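Input: structures, listed below.
In the two assemblies presented below, chain A is common to both, partnered first by chain B and then by chain C.
Moving on to the complex of A and B:
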């Protein structure tokens, strides 16, 4: 690594010794937290689907890191991405491994404070902190990063990370449905395709791209099966499903699809036997807002599903979970041009990220929420925002107005990347769940 | 005479059978793709072409076809354009060829597309008005209803033929412009092109203009999907009905959109062969556009279950489904 020789624009100089120390402590905590979270998930649903075992293993970072490193030895490239606007199909078509590098470590967020002020979104601070001490295995192994300039934090995060490795910024137009925007974004997609090709040395041809699109389509198919299964009485706890969705961010996609399909088979069998994960009258909750990233930032789902009274997450609108795969790439004609158009439209136009707007504002997000609430029979919505996430916080008013009209309770929950407020959050979440239970009883 | 006709019918049946077999081969070859409706449409278009041929064997049927394509839009909208029109079928066949050759298509700019769509009314007016204007310039001996009708249906311009233009099958049961081995071949509008250019140019130019016309439409539809349908005057006569106030309900067959299920992913806009943007832009409810030919490609390609629906009189006949196939268990 020649990162030592390059002058760092942002990152402070830390002694090797301190890095080691910090990494060891945080890594130990992280492993403990992972084990604890999984243990808690097992406790909530003692008869957890057997297929979940695979995802538990994928969740511990170590297994997948080894695999990626082995693939790297064989000459494979790894391309990281921070926001899910990065065109995975192009990465896959070039034979590289895509991994998402956004970080969910609470302790790392504190380290990030050394570079950026504490007001900045903790996802960004945590990713900076993780890079500082080499905590995130996926961030470490990636050869380049696709940094899509979505929110302010992510824009500068890419810049800061370029202290360490090549970062390809992609300008995301903020208006998602105008002719100019789609043109700009299409050009960006083409440009990043060139960069991917240059890094991997593989040309992204029509055949490769077609099979990559088919691969993600299959993944979407498996993903949708899982979400459809959550429509009825709960056959799977929300945390389990969220973990499955989340592992997509770093897993081998082909294997992920297979395993998810296997999980769905098992769940279908359970649905037939009416073997529910929790009582069918459990309040059905949906979360929307800032991404929740494994392993640390798992406190809200845990609180909801372990609360007294208990709730179950049946749907969400998080870019770390359901938004990852909800939209397929719909190709009309398998010509290179049409495939690239399909990819660029899928990432830009179908997104419900609050950093985008259109003639009707972020109406797509409202529609997504309404559709989920109706189809998934959601009884209450938790609007989750981490401090510093301006865009989600600002959209709350609009979402609340719409849901009030429908009579769906919505609860605004703001928090930080910290374990200190768990007790206080517990009270708030349980009060909300109690209210939902009372409403259901009524 | 009857024997000759039977022979021609036999030849055509063989031809139609061959083309159907070809389509079936493509269908099987492409099996597993989410394009079932497209191929169903293809088969129906081919059958419609054969049916039109049989109808045209009796001159009175020309009038009946004309009445049908004028009255049908009240109930079915431009369903005729998307599913039955032979010219549409040829253009779709050319599109299929282009897809096999993996050549990309071009889109017309949206503004030009809209202009062409409005231009079809102008074209229609010109063709329908020509005999009347002509009768004013060069008045017939006695101007009454009968002579006017004679002008419209048998005069030098035969405007009803323009409306029937796209319906002309490739093999015609009358003395057509091109004869090969006892069969008369034709092409939409070619007879009209010959008729009109015959008035202005000499014999050689007639052939040349006809050939240019054929070449232009073939090449045009190779690069631009359904290029003729963007300004076809017959499409206007069909579409114009739902522009009137009392006829808002008019096409009982129409596309309906569920706003909440739509994520505005833009697939419907991209796959539309005539670049209808309303399906994408409209918020929800009945899609109100006379550009749409109800080919149902958008409904077929929309990946959100029940987001786009084809309704006929309030009953859903076909709706977008998650073509990635969700779980069957509820």
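Moving on to the complex of A and C:
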């Protein structure tokens, strides 16, 4: 049967004319937002690190899309993923290009409303909307998608996207610290390896996997160096660091590692010269919660670093930024079995996603937050949740209790994929930052 | 030392003038299309009542949703920060300050110096704020100021949905069709709104003394419902709608000293 004639199971019929109109409008808005965001970042820190230029370019979607399309012409495969549990090393070892496809376009979320109710998480709605009109280059170029069944939204998103391309669901065990979970997840990792090999036609052998692991280990090293540099007086604004982290989701990893290392060299020099990105007494803020995806969903970091009194993001606990690659794959023996087990462990055990639990709830997330607060000298935490994001919303109660006991200010900020609530958010963010300084000021 | 506080709210602008932290006068003007002009009017009225001119004022601090638009202001303070300052000034033992205005409800936890420690704001919906009562009064075809006293006459409690002003209104129509008495419907409206506000305050923690500020504090019906829902006494100052401006004027006094 011709695939054209297969009726879509989820997606509505939409005319080519409407698709093109919507895509052109949203793409134009997107390019404007990208330019505005970068302009605002330059305004906050007029002497922005030179090395940021590269990441600004990686953030425009166009450059990297061209590269990936050219690689595809030469026979490369592209494997998309929605959540961080997708084992990138296996993708890399097969010679394929990994790209994350979760969407940050506000206007696309409105399109998603045609398919799923407005109560559904906007990251999911926006990804559906992006697919409807072919907006996301990375989603478009993907030959297959790894859909790890994390939260409810992501689980069903995979099903919906299967209207367009092969989707490989992976069952994620949700109790981290149990034998059964470890066993199940190892099996899932092996199964997805088979699917990757079948798609690419390349066998993932010991040698290929070893070099893929070494590649991400190097990336982790560069990444850690960048986060370490944010522990002291600010050498880089939070938005800049977040952008660097985020481009890892679609950039060529080897080149990303080099560029990040070059940025770190520059920042180390600036630290030696005490050339700070903002006054060293600027309130130090951390954000945690729902992922913040470029380009539209940059409003909270912008509000924090632009507001009066201005704050600086010194750390975050977001799967769109610092959760991406803090933990390396730890291999003892470089046997195939050992490497696969190490990958399996790295993706499950190191995750602090609230879709997981353990004998003591998501204690790893609590401990990690406390560690960040201490090590990065965080003065206040903004807990960011988009409407429909149940898991982060529900985990707030425990996080708040722990931080209250320690006297660390935390504020729950809820929002939507929309530009219209920036005024209200500004009032709240400013009040929170004022609270951090008021203890000294009033 | 003369200081002034301006509260640029969504429905009106309030001004308070202080002399050495004692209230000299108040002024109020209704917000039109030009918030800056309204603010000038409110401040002008307060200055006139105090027989002062702008040049006598050492420092003006603005607060409220339109604070960035205030003319003649030297600094700004968040609404929550202003609430905390005013609450503790008016009632030294105040530790939980609730402010219910036209479009927004919020609660602030503070220390003995009136420094904000934590805060919550109602979730992007007018159902927990004064605009809800106004819409419901329209649905009941009665004056806003009559609804509170009437609700106190209710013999039993009915209930309506206050997750949304629009749904609330259709619930009220249902009660009218069921021929519930007006006092009971009025009480249901205040109960629903107090439910929203009290669950918000509970998320913050109810630490006595609890103070209620903002224009809605003048509504006896809402106050009775809120006391029932919170299970504690609620203190209300004489001029609750001027609390934001008062808090801003107090902050202005601290800022003068620093300069």
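What we mean here is this: the second predicted complex is superposed on the first by the 435 of 442 C-alpha atoms of A that agree within 3 Å, B and C clash if a C-alpha of one lies under 4 Å from a C-alpha of the other, contacts with A are read in each partner's own complex, and residues count from 1 in each chain.
Criterion: contacts are C-beta pairs under 8 Å (C-beta built on N, C-alpha and C of every residue); 3 or more make two chains touch, one makes a residue touch a chain.
As the structure is a prediction and not an experimental result, all values here were calculated from the model.
The superposed arrangement places chain B and chain C next to each other on chain A without a clash. By the touch criterion stated above, A:434 is placed in contact with chain C alone, chain B being left untouched. Put simply, more of the residues of chain A are touched by B, taking chain B and chain C as the two choices. Within the superposed three-chain model, A:409 lies in touch with chain C and out of touch with chain B [touch as defined at top].
Geometry note, superposition on chain A: angle between chain B and chain C about the Cα centre of chain A is 120 degrees, to the nearest 10. When the shared chain is aligned, no partner comes close enough to touch A:67: not chain B, not chain C. Judged by the touch definition given at the top, the superposed model places A:159 against neither chain B nor chain C. Of the two partner chains, chain C is the only one that A:424 touches; chain B does not reach it. Legend: residue contacts after superposition of the two complexes on their common chain; A:306 is shown touching neither chain B nor chain C.
The minimum CA-CA separation between chain B and chain C in the overlaid arrangement is 25 Å, rounded to the whole angstrom.
Residue ranges on chain C touching chain A, taken from their complex, read 65, 76-81, 85, 113-121, 123-124, 251, 254. Put simply, chain A touches chain C in their complex at residues 308, 404, 409, 411-412, 414, 421, 423-424, 427-428, 430-432, 434-435, 438-439, 442.
For chain A in complex with chain B, the residues that touch the partner chain are 176-177, 179, 182, 206, 217, 220-221, 224-225, 228-229, 231-232, 264, 268, 271-272, 326-328, 330, 332-338, 341-342, 345-346, 349-350, 352, 358, 364, 367-368, 370-371, 374. Those residues of chain B lying in contact with chain A across their complex are 99, 102-105, 110, 259-267, 270-271, 297, 301-303, 322, 324-327, 329-330.
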